[in-house]
């Protein structure tokens, strides 16, 4: 049973993640140049989007798919609400709102790694989960800002910069990663297997290798964040508490996501992906949006929580653990 | 060669577009922007090479004709600096006409 | 018949071009990092050059090939002359010269896309067309500068920076893209099929996938230019007129190129590529050379014409239209 | 620590090589150049991230010993600035010897 | 808006981490760093685009409150500049508070 | 027999190296963007490390392997000592120490090119040579600094910055390239052929193609160095002398390395790789470490020697020449 953990931890992408972490901790000067690292993530979104679209073109779009997508959006909108009220007691409204948006949204790289994990253990998953990922990126941002506007505004008496809702919507719904996934999915769906044939040598075959190098970089980045953290002055809230939150939130969200998936009768692979999406936290799109719309929130809280704790936790432990749990319930 | 004011602004790279808009709105005669800078201030370290893009700075250089223009520019960007942090320096210089 | 248009517009590379355009118009922050975008174009030149060279090594070099290359150079030298005198009436000599150089030269990406299009519709083409492309990049630059020196100089009474002909020749004949295409072609030709075997997994298989990402970026760039344009103050010449020129010039040049190809009895594929080369306009090499040698010319005229109008027009409409026309004449 | 002049020049990146040559020729004691900058001036917006490379700026910083040197440098680059656009600021500074 | 001192330092990019440490140690209130710069000085040309990474500069900008702080910073980095080369300029500026 | 030279010089990677050299000499503006060039070298180290690790997993680790690794470290530690005392007579202690470290350490790209050469001429080589390369990068740095501390310090009367030995060890033993090679090798060794299957389309197939583009860039860089050199003022030591050293040192070191390999009874391929390692000089890791630990040494001596003379010499002439010599002794 725990062979799932081994299969996960012993896979090249995860091992390269560890290598990146190790390099940062021994202060090696190993690095993936920034622009290339960004491009690798563009590649991963492009490839997973395209593959999802081609898969969609091949399987019928039925009511259960629509229901699944609806549930995904619902999860992404509901999570920030409970997280906000949970954290409100210990943190400022701005910080609580930013963290709630972070955990309501998703991490594309966690999703991609989970999909690669499923492929490697031979469990099928549906292309519409890629659509679910894309749909789950944005709602939490808007909910988070709304929560702050409704419950937090009075706190700060000062005249704030007017919020530009148009800009916010664009930032949240049309940010680069959402746009690229949705676009690639559409193109994959339009061109189908004929398109796949043309670009499979680029999007399918080197995928795992590129994921290895990208996770190497993510390991470096996550570990750098941990190191920066450990140097930071003690904030309003002790670090162990933050780390605790960053470990408990994915577990609770995974339970929520998993329950929804089981209620909807999703297949093993699809259920795992929805669970992972719920459990994951955004460390790119949401922080970027928060810096624009909610700069009062302290990025040195939400960013390391998502990037340095929740992300590695899901990658290393979460994915196989959620799988194990789902499998034992579905009874495969 | 006429006396002028040189404004130097450091903000998060995410805010570069907004800063450019505000400089335009404040009537700055132009600006030069250097991206992918790092730094350290009261808000901690910003690594120029952060692939998540959430902790990178950019540097704006604005040559202004006179104090009146500086005032307008500074007024326009102050709220932004207050909310998001950063640096703003003003110094004297001479603008070489051509 | 219009299936050619569909085959073109429905191909993944073109769809990704549209995706880039769309991303720019909705102001998504999607981007391909600059250095990677430059590298993708290096890759495309390297790959197409190498493939062309290998193809050359396999087919005999005969008189008709030599004639074709000569005709290509002739086209590249003749086009700027008529364009210059046409535009002289409405524009300054510097602007007319720069635009004439732009349209006399070629766009390597348009060529690469046309070659991919031919592959996808199953029409063969000869490796020497790659040589033709390389040969066509430079002459227009020199002719454009000469036209300005002869007909424009008196206009501007001021003492100009002396023109460094050595630098100009180097800029025009030895610019990076010409050098890389010619060099890769030579190496492909020397190493032949043995060399191809070694690097086919790099230059052949992922080609279309990489072209997709590159055209995604080109879509972003072209659309950004259109947006910048629409914000620009009205210049000396109204924008509709410029757009008109940027649509008429490729059509006229395509006719010139196509006629030459038909006169020389080129095959369908070769004729299309020569036509596309004639119709295309340079937005990298020529603008760079013009900024150095003819900075009086306004880059916000020639650059958007080539990049934001002519380039998309050829990609989307031109390639299949020229193909249709050639096919109906050759009578396939 | 001796008084000196600091020249700051913005030109198109294409012209970086030529600018360096002209600074050398004008006897500048050295220079520092930052590439891939963006900006806005009377010639419109220049995006630092333009893959066609035709609309990117670079920033030169030149520390000069005295006004005479500044004169020479400015004279050397004026034609270039006039033809291609850009910015040139001169300000006072102190050069820390070591 | 209070008077301040602006320090501008150019060193090899390899030394960026060490320089940041020394600025921290000398009590600099913050700094901004621009990487991948090129230049020319008495030690010859440094190309910003050298893939071996052994000949690239970076530029530090440090806004200091007063001369005392400048003294401390300059003292801290002088040995480094002496051994490895580079440039250090100090000028007057105004720090816009927010 | 000289077919080995032809096989080497006529291979696509070497031809692209020439292309880069040519581009620099005609002052073409061809370039591989820096960040991408760095990434290409990351890729090469990642791929060669992984392949080496997988090979190790498949062959038994025996005493002869251990002996080989020991000999490699010995070579890397011994070479700087003799070079230092040789050069001391003509150069300052700092310069002699830096050059000795440069030649004691190794060039990963030279190694990778030699491995690709062996593959192309069909000679097998063992994965543990990758480990040898990794082990040979660091010792020379430490020996070089020690030599300077012991024999050179008194020269300079001034108070020096205190040497941070921790930082030096980290720089030398944990620099990015060593870390990446060792890490990838470990991961290749752990995941074995199962891991290889997953990432072969990324690390094996496009390898030669990527090596071509990387060597194109190295050609540009090496030639730029030569050009910068020719412009430099005459230094303390005349250039012909330096070039002479940069040609003689690799030959002597190759002899040392080859002798050791023959004494240990290594196979033809392994012997060549050890010889090449000994003959190669570091132009990335050592210069970086020297700038930090020994800034008194003039980088415009050791850098061009390693990069502009020894590197091309080994690539073009050394590899096949050493092979020829070894083969004639082993008597294949």
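We just call them A, B, C, D, E and F in the order they show up, numbering each chain from 1.
To be clear about the criterion, a residue touches a chain if its C-beta (ideal position, glycine included) is under 8 Å from a C-beta of that chain, and two chains touch if they have at least 3 such contacts.
Just so you know, these numbers come straight off a predicted model, no measurement behind them.
**Student:** Could you tell me the least number of steps, going only between chains that touch, from subunit C to subunit D?
**Tutor:** Shortest path length, in steps: 1.
**Student:** Farthest chain from subunit A, going by the mean of C-alpha atoms per chain?
**Tutor:** Checked the centroid distances; the maximum from subunit A is D.
**Student:** For copies subunit B and subunit E, work out whether under half or over half of the interface numbers are shared, and give different or same accordingly.
**Tutor:** Both copies touch with mostly different residues.
**Student:** If I rank A-B and A-F by number of C-beta contact pairs, which comes first?
**Tutor:** A-F
**Student:** By CA centroid distance, what chain is farthest from subunit C?
**Tutor:** E
**Student:** Just how far, in Å, is the C-alpha centre of subunit E from the one of subunit A?
**Tutor:** Computed from C-alpha means, the inter-chain centre distance equals 38 Å.
**Student:** Going by the touch rule set out above, which residues of subunit D reach two or more other chains?
**Tutor:** Residues 34, 36, 48-49, 91-92 of subunit D touch two or more partner chains.
**Student:** By the touch rule stated above, which residues of subunit A touch at least two different other chains?
**Tutor:** If we look for residues of subunit A contacting two or more partner chains, we find 31-36, 38, 201, 205-206, 288.
**Student:** Which of the chains are touching one another, listed as pairs?
**Tutor:** Applying the touch rule to all chain pairs gives A-B, A-C, A-F, B-D, B-E, C-D, C-F, D-E, E-F.
**Student:** Which residues of subunit F touch subunit A in their complex?
**Tutor:** Going through subunit F, the ones touching subunit A are 33-36, 38-39, 42-43, 46, 170-171, 174-177, 179-180, 183-184, 187, 190-191, 195, 198-199, 201-203, 206, 288.
**Student:** Which subunit F residues qualify as touching subunit C in the complex?
**Tutor:** 10-12, 15-16, 19, 22-23, 26-36, 120, 201, 205-206, 208-210, 212-213
**Student:** Which positions of subunit E touch subunit B when the two form their complex?
**Tutor:** Per the stated touch rule, the residues are 1, 4, 6, 20, 23-24, 29-35, 61, 63, 91-96, 98.
**Student:** Could you pull out which subunit E residues touch subunit F in their complex?
**Tutor:** Within the complex, subunit E touches subunit F at residues 12, 14-15, 18, 36, 43-45, 47-55, 79-80, 83-85.
**Student:** Taking the touch rule as given, give the residues of subunit A at its contact with subunit B in the complex, in rising order.
**Tutor:** 31-34, 37-38, 41, 159-161, 217, 221, 224, 228, 232, 283-284, 287-288, 291-292, 295-296, 299-300, 303, 307
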